[in-house]
Amino acid sequence: MKLKETAKAVLYLSPALLIIGVFTIYPMIKSFFMSFYAEYDYFNDVVHRYGFDNFVYLWNDAVFHKALQNTFIFVLGVVPVSILLSLWIALMLNSITFLNKFFRTIYFIPFVTSVVAVSIVWRWIFHSNYGIMNYFLSWFGVDPINWLTSTEWAMPSLIILSIWKGLGYNIIIFLAGLQTIGDTYYNAARIDGANRWNRFIHVTLPQLAPTTFFVSIISIIGSFKVFDEIYALFDGKAGPSNSALTVVYYVFDKFYGEWNFGVASAAAYVLFAIIFVFTLLQFYVSKKKITY
Amino acid sequence: MTITLQNISMKFSNTTAVNQLNVTIPKGELVSILGPSGCGKSTTLFMLAGLYEPTDGAILFNGKDVTKLTPEKRGIGMVFQNYALYPHMTVLQNIMFPLKMHKVKKTEAKAKVIEMAKLVEIDHLLDRKPSMLSGGQQQRVAIARALVREPEILLLDEPLSNLDARLRLTMREEIRRIQQALKITTVFVTHDQEEALGISDHVLLMNQGELMQFDVPQNLYDEPNHQFVASFIGSPPMNYFEGDIVSGVLQTPFGYDVSIDAPDQPVQIAVRPENLYLSTTGISKEVQYIERIGKDTLAVIGTEEDKIRLFLKKEDRIEVGQAIHVQANQKDIRIFQKSGERIYLKGQLDDETQRNS
Amino acid sequence: MKTSPLSKTFIYGLLGIGSILMLLPFVWMISTSLKSGNEVMMMPPIWIPETFRFDNYVEAFKKAPFATYFLNSVIVMVLSTLGEVITTILAAYAFSKLNFWGKDVLFALLVGTMMVPGEVLLVPNFVLLSNLGWIDRYEALIIPWTASIFSIFLLRQFFMKIPKELNYAARVDGCTNFRFLWSIMIPIAKPAIVTIILLKAIGSWNAFLWPLIVTNSKEMRTLPVGLTSFSTEAGTVYELLMAASTMIILPMIILFIFLQKYIIKGIAGAGIKG
């Protein structure tokens, strides 16, 4: 019986497994070995020597340090603001019924659009002379800012764009989380004499903890992988004097710009290691289930 | 169609769900498989359907071995506990589905569906989706779908357990009516003894994968062949008293001795609540409380640990706290070994063999 | 919860301002795409151009082969989505309804690989595809994307909710495994399958890094890649750039507005699972 089912299962699974095996699992392993290529001849596909050279290179490479640093700044700039904003908007949406769906749709629209295309739109918005960003700021007496051409404003531009793009996704998840909180808790809290603020602190926030945690991890992981925005916003460069260089951009640059497969693979695995830590954290906490 | 189970066993990894089952279900009868949950009754039904392959033994339909046959080749229809209607199909499409799978022509199939729908009285609901039907209606659709290919065996897995009490009674009579109209051999799994005893020709009582008794409902109640059967069947439950066999004589607590053909041993004497009556002799106990159950009055006597229940007659007048004597006639007592097996008194065995033949 | 009319107005006001901020970039994009070169450079900016210059779109099509890009994007989207749906349905069926050796281990392994960021796969996949001679061909754009562990996971969860009695009933009725999948499971799982199709289609349409790496010639570029190279070439001709961006962005917004219920359900569902 089980033998027959196994034969059937092989039939059903083989298309998916073939694709996943060849284009996910094999490259995953291959990439691991590639990160240890110390001397490699791409044209003949011959490895002369394996070693930790690539990781040593990364350890000493100031550009990679810059990329790591920028990535962390980006994550710190995007994630907390995005979560606070989206939670706030989700709470407001949850308290209204009229136009609720309409607003939800609008906030979500950026998420379904092409990162590259909207980044080019934002490039135009950030334009120093004719962009609407500086125009709006001029209402408040702010002098024109060189958003995309100065090293200090390149990263904030990227952060603003990313928050705008990802807000809708977080709102949707928060709304779904809010829906799972039953009215009984609120009624009980009201009977106990809790006011609006107390209900938020003692009912909504604790009940929403698992959702908030999930959103945080997803946002962190997503932010670590930022690339398309940078490429499009700075027209195929990583910002003025690498001011918006991130780890993935570094990988892309080493690989596609310099054909240095070993260092690119090693850097990709460093990224993987960082993301892995956060994934494990999420796994561990969601296993434990944050409940109060 | 006669169904024969020969030494049927079913083992799942390390538990034995059904153990060495031997039984013959007569043609055209409604037979229920009864037992507590986990006794292997559904497993047995699934083996009859061909959804499970027994690990041991053979299943014969009219003498033909079908053990290795797949479900659709067995000529069976089946109704599941949750009805298992296809949610995306209308009632018509649901009932027609088995015919479609067997490539029956559409016009022919449709006529057959309407005939079946009329039989189960749902011909006005053919365009509805299952989610728009009540539990009873879904049940009827499931029966129609099971019958549409004119199977020779109908299998029902706990078909009434998802219905409310009133509907259960109606549907149970419906199943009996349809079964008799078609004279189809029907096997029906239930954990509700009232259901089983109410409509079956024979009841197959199982416990822990073993066949306990296969008999007509009346015998199951009157002549249980095992203490498990005696305890499982009947509500309020059987009363038990301690007895002793000493050199061929059973000493009863009722004050009389009965000669018996069995070795010396302590035994359980079982008496149904309706067979105990107030007397001046017999067991003496204090009345604990009296309650009315429908038209009957039930008295509970004895202590909390050792309760005895009996039905009172109209003229009986007793009060709580009063000490009374209860008595049982010799013909109404059933004797079981401590291991559960029945010991027959002289004459009882003859009665039973007569009734069965 | 009761909210006072005053705070209600306040909430609507805030949400309204937020919505305007969310939509402003799109308005600005469409507005610019219809302006003349002079209007683009005006300060303060004008929102509604004197005349709507739809010619900008024609111009963009002339300056770069956007028709080819568009066609490529459609081909890649349709074929990779089709492929993914087929492989996903088959695999999800096996994982939910068949009882085979090594099922749990295999499934855990697949779900585990979801943690690996796609960037790790970039280099070896490129090497593999160049060895296969697929670089700058549809194969490279489509075939690696015809299976998704995430989709298999999503659909399996849905399939698991279908009671096993339905499978039994179908077997008694004479269904083969495949027939059961086709006639019973797929129709029941339609909402989940639509969600998978939509998320995939959007992802494919917007994909950038992969098509950037595996295409060299203009003939093989998809819209996002074409747009970035156009922006390098066209430089500061913003009305044309915005026209091209509109072409990429608008189809997905329209798709989303009409089918948002499936998309939002899919995303919210994945989120609740955590």
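The letters A, B and C name the chains in turn, as written, and every chain counts its residues from 1.
One rule holds in what follows: contacts are C-beta pairs under 8 Å (C-beta built on N, C-alpha and C of every residue); 3 or more make two chains touch, one makes a residue touch a chain.
A quick note: this is a predicted structure, and the numbers were derived from the prediction, not measured.
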At the largest C-alpha centroid distance from chain A we find chain B
Of all the chains, which has the CA centre nearest the overall CA centre? C
Could you tell me the distance, in whole angstrom, between the mean C-alpha positions of chain B and chain C? 58
Centroid of chain A to centroid of chain C, CA atoms only: how many Å? 16
Whole-Å gap separating chain A and chain B, where each centre is the average of the chain's CA atoms: 62
The positions of chain B in contact with two or more other chains are none
List the residues on chain A that touch chain C in their complex, please. 2, 5-6, 8-10, 12-13, 15-20, 22-28, 30-31, 34, 45, 89, 92-93, 95-96, 99, 103-110, 112-118, 120-125, 127, 129-130, 132, 135, 164, 167-169, 172-173, 175-177, 180, 186, 196, 210-211, 213-215, 218, 221, 224-225, 227-228, 231-232, 235-236, 248, 251-252, 255-256, 261, 264-265, 268-269, 271-272, 275-276, 279, 282, 286
Under the stated contact criterion, what part of chain C meets chain A in this complex? 1, 3, 8, 11-12, 14-15, 18-19, 21-26, 28-29, 32, 40-45, 83, 86-88, 90-91, 93-95, 98-101, 103, 106, 110, 113, 115-128, 131, 143-144, 146-147, 149, 152, 177, 202, 205-206, 208-209, 212-213, 223-224, 227-228, 231-232, 238, 241-242, 244-245, 248-249, 252-253, 255-257, 260, 263-264, 267-269, 271-272, 274
Listed in rising order, the residues of chain B that touch chain C in the complex are 46, 49, 51, 70-72, 76-78, 80-82, 84, 86-88, 97-98, 101-102, 145-146
Which residues of chain C touch chain B in the complex? 163, 165-166, 168-175, 179, 183-184, 187-188, 190
